[in-house]
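Next come two complexes, and both contain chain A; in the first it sits with chain B, in the second with chain C.
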Partner chain A sequence: MAENDRIQRLIAAVKAELPKLDFVLGYGRGFDALHATPITVRTEADADKLIFDATCVENLATSLYAMRGKRIGIVVKGCDSRSVVELMQEKLLDRANLVVFGMPCQGVIDLAKVRVRADIAQARGAEFTETEVRLLLPEGERVLSRQDVLADKCLRCRYPNPLIADHLIGPEVEPKGVEDTYADLEGFEKLNPQERFDFWKRQMSRCIRCYACRNACPLCVCKHVCLADSREPHWLSAEATLQEKWLFQVMHALHLAGRCTECGECQRSCPMGIPILLLKRKMNRELKEVFNYEAGVDPEAVPPLHTFQMEEEKIKDRGLLW
Partner chain B sequence: MRIGVMVCHCGNNIAATVDVEAVAAAAREFPDVVFATDHMYACSDPGQKTLEQTIRDLKLDGVVVASCSPRMHEVTFRRAVERAGLNRYMFEMANIREHVAWISLDRKRNTQKATDLVRMAVEKLRVDRPLTPKSFDVQKRVLIVGGGVAGIQAALDCADGGLDVVLVERKSSIGGVMSKLDKTFPTVDCAVCVLGPKMVDAGQNPRIALHTCSEVEEVSGYVGNFEVRIKKHSTYVDWTKCTGCGACQEKCPSRKVPDAFNENVSLTTAIGIPFPQAIPKRASINAEYCLKLTKGKCGVCEKICPTGAIAYDMQDEFITEKVGAIIAATGIDLFDHKKCGEYGAGRYPDVVTSLAYERMLSASGPTAGHIKRPSDGTEPKTVVFISCVGSRDRSLNRPYCSGFCCMYTAKQAILTRDHIPDSRAYVFYMDIRANGKGYEEFVRRAQEEYGVEYVRGRVAQVYPQDGKLIVCGADTLLGRQVEVAADLVVLAVGAEAAHGAPELAEKLRISYDAYGFFMESHPKLRPVETNTVGVFLAGACQGPKDIPASVSQASAAAGKVLALLSKDKLESDPQIALVNANRCIGCGKCERTCPFGAIRMRELRDGSQRAEVVETVCQGCGICSVTCPVRAIQLQHFTDSQLLAEVNALCRTWDETTE
Partner chain C sequence: MVARFIENDAVAALAAAWARDYRLLAPVREGQAVIYRPWAPDMHPFLGRPPTASAKQALLPQTENLLSYTYRKDHADLTKTEVFLADPLPPEPTVVLGCRPCDARGNKLLDRVFLERGVADPLYAARRAATLFVTVACEHMENTCFCHWTGGGPTSEEGSDVLLFAVTGGYAARAITPAGEKLLANLPDTSQQIADELAARLANPVEPGPAPDLRAAPERFLALFDNMDFWMDQSARCLSCGVCTYLCPTCSCFNITDENQGLKGKRLRTWDTCMSALYTLEGSGYNPRVSRAHRLRNRVGHKFCYHPQEFPAASNERNAQPEVSCTGCGRCIKSCPVSVDIRRIVLDLLEKGEKK
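So, the complex of A and B:
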């Protein structure tokens, strides 16, 4: 099968690079057929455990910043590669110490979407074809449309092929679109400011301040000195009030303005199902309009908020007196 | 901590709409406040004395004064606090005049807002820390940008006072607009006869380093220690060898070059000296028209030059000068008259600008002082002057009065009658603005002695007919239409900020208005200072000015520079960014966003990076601070904690009032 062949080629590429690397970050099979788990490949035997399919949802780039200084290989999907590019743009990664195994990707499944369609607590196996997800459940086989259970970000995916890769394990995949239409923002943008605020008050009331969103974010690189935990300056108190929860999310969104690569890990990791990516998508749309900029696409580009210009083309701050 | 609060009445400025006693009473309840009072004029001598005495008597640690804008009196009170033995940064000012009293008449809510502002100031003061300025050496040199009459005057005055001067001029000669003028009002004396000696002085003064054909490329540093990168445009002539003999100009075969000095009224050569009195009197090549530089063949000037000064391969050169102060004297350019299509400007050769007309009047001009129509070279018998072209015209986005056009128009009308006694001169005007010494009398003389016909009204259009220009306008005093068949129409074009003025302002970090004129620090009390310490203004770059005003402002700016640089050491502002290395993650975003290059990365022994602020270069703008994701870099006296203290104080009072 073609997919098996790809994995064999990935394993071969990893094995070839292993002697030069401390380890390779990749995906292995999780506790069941619907779950993948990140693994560190140090030996050839480890490499044989590598998998790649629609269950490989995690963005492994999240671990990169903490491991800088080491010589690492990493398996990335198209969307994950943007996080790697953004880290490079911010000079937070040393490209020379990094080997990227690029996996063109047909889209990953959203387990929440699977769960509403089937009880997968005891799934024995799963198979993925181009159009279907075949679940092996205790009561028998269950077939879902792959389209129905793909993650939202995959439905509008414009970068299914890694933007940087030392080893591209093809074949390449046709993108779903060229331009982001931000159709998912339509409903939200129709709301007036008060309604938007009410929406977020409702959503944020569920937040338990576990900071999973922060910890899952590949670009939240200052975790050990995060402002949310700081006492000097004391921006956030430990109180579990709506105000503090909301302030944290706003802070997170603002710190990611022009940096977020929309991998969606924040939202995926949220145990309360708060649509946090919406904030970041909205912010990115504004960034796109004002600076015509998209994060994590061009390793050479300077993020617009990481530079200084006296006059911005689309920001008029020197109007006439009358 | 022991905090004292003083609430100022500012006479009736504040007290009329704010219950200052109630504000003081409320302040007594704020944490750490041990004393609060109100005072008629906190800034007055008794006010300051009270402040100092209270600090000493009550052993205060910090003071809040609620009065006017810090722009007005922050320095005053900081000095008073310092005299009483406190650190000058243990002082906060609440602006309850501009921000409260002057913007609303609602006494109750004003009092509430004033109380809120005082509370914010108290809360900030509670987390303020003493800061200590450092002192640094001063460069006793001054850069003057622009070599017009203002720049020359400022240069001469500064050099007289013992300072070394770097004078930068964009054109190949100093002299500016004044050097193009024939006569000056109201005395009708020869412009170049009065300016010429000053230009020579500036050229010869050993303290003045003249850089013509040069522009300011980059300014870094701060008061006392500016570093200026100057771009010297290539002249293709080695000025150390050129003697200004003019032989090259005589022989140059490229003779169809518009003569910019003569306002393109005539043609000149590709190499040459712009005008006989030019300082420095050195030839330069116009690369756009030079046959050798455009087509590669010619080289006549190289053969003819007796000193071998021609250097076709000369490149632009950059030099760096260190100065302690900068005077901007970039002057004006003229409004582009072609924007006024109704006057036929640019379409009919006999519609000229006032400055082109000035060149025609000049004995050293293209027509040797004979007034001739550009179209056929005949002497015009009827000359119409149209004033306010590009001034006082909102439709052209030029609502301001250029100030001097009324006067030069009167002068030009008088000169027209002098040069051509059988001519008639008409002036279409809106109002006559002649408010200088001897100005009104001068306009009267034009009208009464010289018989210049003043028509109050605007011209609707100018069109050609039978070799004449028909000027159609209204005489609003007589209430009827007027038509004059003119031989020549002179447009009194208004002043504009010099081209490139906003770009220079950005480099100097000074403000400019919507029209590109530089902003003074205070329109009445600090007219030659800017908001960037160490940068001063001279002449029309601050707003249209005639010669006397430009010269007096230039001397004023020179006086300010001399006073500033009379000190051997200056104090640096401690309100700059500071990195907390424990929090810094070395991401380098601050380094990339800093507009002043004041942050560099240093490597620790473990190989990790940390940001570091170059204290003398930091301007305290705070961009790094907002960029830093972990807030490791903080602007001193405006730290997150200090600002949060203010915000929390405000939100707390809001909660209390809304509950």
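So, the complex of A and C:
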């Protein structure tokens, strides 16, 4: 009931802003009860189609860079708001042209985790309570623990409340995590370099080079002028070999170092289920250690690789003089 | 027709037997995906779910070597260069195990492009002739399935050499072609009990929901062609990635590039995707399909307008419904990161493109 009231408040806020905007990006129902899909709201009738629940997995901030120049509104969760902040930090969007509808979030479901537990290909319906996901399947009702199927990022979420919002559609949510311990990296970090490389060779061998990971990334703003597509200089061959696939992922991870907010869209978008976020998490852990920095939290902060200091606190200069 | 019986436990052994005579591609589970892999002795073919990618990779590989070349400079006269060309090897006889009826039907649509459009593609033709499809009939329709819109169905035989039906304890296998008959030659007939089970299942087919009348689709698509607000709203969510086209059983677009390394190189044919801005980027820098809206419009238009217009005779074969370049496998819906639903777009076209 409370959720329904919240959606009504969102719809009212969107309707109030619509006359001043080209359109609002929000969530509508997708092809079944477990899928949401981004929608463009131009009219009051469109606004009535807005939803917000645990299926609203997409990070709508991904579209912002392509839509600069327009006056638009956007519905964001806490994690999505970090992408907006990071885009502002990098001066890639004009805040004055953006109206942010902030939705404090209890966590979204990871459909991959749901699929492991239930065959949802024919799901007829789904309901979400604070502790449960109730699936209506052809063979009957199936109840899953919500905790079991929440996205990993939600289990350690420290920013469930949007960090930036013109309309905050509360109530605010108590954060689940206090500090990111990167416990999920432990297993991977125990491997030696050769074992790590073997792991990635196995994973990357099923990449189809669709570039969903790149295009779903809110901060991969180069899109189709990406180095991966460049013929001049010719960094990557058109040949779909492991080497080319891996080179692109390394490039993606390096270009996102100190910028990635771990929204997880790269991994969620991968049709082949390649755990790409692992690379970004590893990179962020290093960044945290060296620069004590976290991306997309403070609009005024300068990302560490966008600047330099003559003497970095944790980087030894090897005593070379020049 | 008599069906042969394959016990669940015998699937791997049968695949191994086929792999002695053929290059065998079979689906295996990897992470959350179901991937076609070439046969390996430790492989466990997984037939329980439609593979994540379609089977078109067997006929149109993501990367195909069209030729290799080497230049040789004449050291006595540096203005002279000789070029040596090497053709690729002919394709191996191949069996694709575990595709679905929608995948097998896609082959016919690939044939339209590569064999029937005036010039036959010799590489495709050779692969097509050398490849057999052992298809698993579907027991139900998933939320993303719409094969019945396009003239198919969960047990369509079109394009398959063998059709497998899941029955108690294994699969009942029906040969559709003489080549398929050969594949099944050493298998026992089904017991009467299994034959009855199969007959009962075929007598009670899956009843899909109603399918829309697509006869007006080409005309209504063209009526909305220049309505960029319509396409903008349809595509505002689109990420412009290649998931839909690369997983599609009928998308056939490719690129050809020379990959040079010094004085030698390869001429490659690789999958291309009309969802990429580079697809139509011209040498001048001009791009006729500058936005996601233009590109999504092309994908829908090709499948539901340009293809039926190019092959109008095909519609007579199926009760005047147009032959569309889509088999309704639903992969573009299921794997789309943002749940773009091509069915919804086509329904919106039919509704909004109607002349008022």
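One rule holds for everything that comes next: the second predicted complex is superposed on the first by the 318 of 322 C-alpha atoms of A that agree within 3 Å, B and C clash if a C-alpha of one lies under 4 Å from a C-alpha of the other, contacts with A are read in each partner's own complex, and residues count from 1 in each chain.
We take it that a contact is a pair of C-beta atoms (placed from the backbone, for glycine too) under 8 Å apart; a residue touches a chain by one contact, two chains touch by 3 or more.
Worth saying up front: this structure is predicted, and the values here are computed from it rather than measured.
*Asks:* Should the pairing of chain B and chain C on chain A count as a clash or a fit in the superposition?
*Replies:* fit
*Asks:* May I ask you to decide whether A:315 touches chain B, chain C, both, or neither, giving the answer as first, second, both or neither?
*Replies:* Touch partners of A:315: none, neither chain B nor chain C.
*Asks:* Scan A:221 for contacts with chain B and chain C and give back first, second, both or neither.
*Replies:* first
*Asks:* On the A-aligned overlay, A:229 touches which partner chain: chain B = first, chain C = second, or both, or neither?
*Replies:* Once the two structures are laid over each other on A, A:229 reaches chain C alone.
*Asks:* Between chain B (first) and chain C (second), which does A:250 come into contact with in this model arrangement: first, second, both, or neither?
*Replies:* Neither partner.
*Asks:* Which partner, chain B or chain C, is in contact with more residues of chain A?
*Replies:* Between chain B and chain C, the winner on chain A residue contacts is C.
*Asks:* By the touch definition at the top of the document, which applies to A:12: first (chain B), second (chain C), both, or neither?
*Replies:* In the superposed model, A:12 contacts neither chain B nor chain C.
*Asks:* According to the stated criteria, A:306 is in contact with first (chain B), second (chain C), both, or neither; which is it?
*Replies:* In the superposed model, A:306 contacts chain B only, not chain C.
*Asks:* A:91 in the overlay: touching chain B, chain C, both, or neither? Say first, second, both or neither.
*Replies:* First partner only.
*Asks:* How wide is the angle at chain A between chain B and chain C, using CA centres, rounded to the nearest 10°?
*Replies:* 120
*Asks:* Rounded to the nearest angstrom, what is the minimum C-alpha distance from chain B to chain C in the superposition?
*Replies:* Between chain B and chain C, the shortest C-alpha distance works out to 7 Å.
*Asks:* Where on chain B does chain A make contact in their complex?
*Replies:* Per the touch definition, chain B meets chain A at residues 397, 399, 506, 513-514, 582-583, 585, 587-589, 592-595, 607, 623, 627, 629-632, 634, 639-641, 644.
*Asks:* So in the complex, the part of chain A that touches chain B is made up of which residues?
*Replies:* Residue positions touching the partner: 69, 90-92, 221-222, 225-227, 230, 232-235, 255, 302, 305-308, 310, 318-322.
*Asks:* Residue numbers of chain A touching chain C in their complex, please.
*Replies:* Where chain A meets chain C, its residues are 23, 25, 30-32, 35-40, 42, 58, 62-63, 66, 112, 115-116, 121-123, 138, 203, 206, 208-212, 214-216, 223-224, 229, 231, 237-241, 265, 268-269, 271-275.
*Asks:* Going by the contact rule at the top, pick out the chain C residues touching chain A in the complex.
*Replies:* Interface residues on chain C, with respect to chain A: 30-33, 35, 49, 52-53, 62-63, 140-144, 232-233, 236-237, 239-243, 246-247, 255, 257, 259, 266, 268, 270-271, 273, 276-278, 292, 333, 335, 337-341, 343-344.
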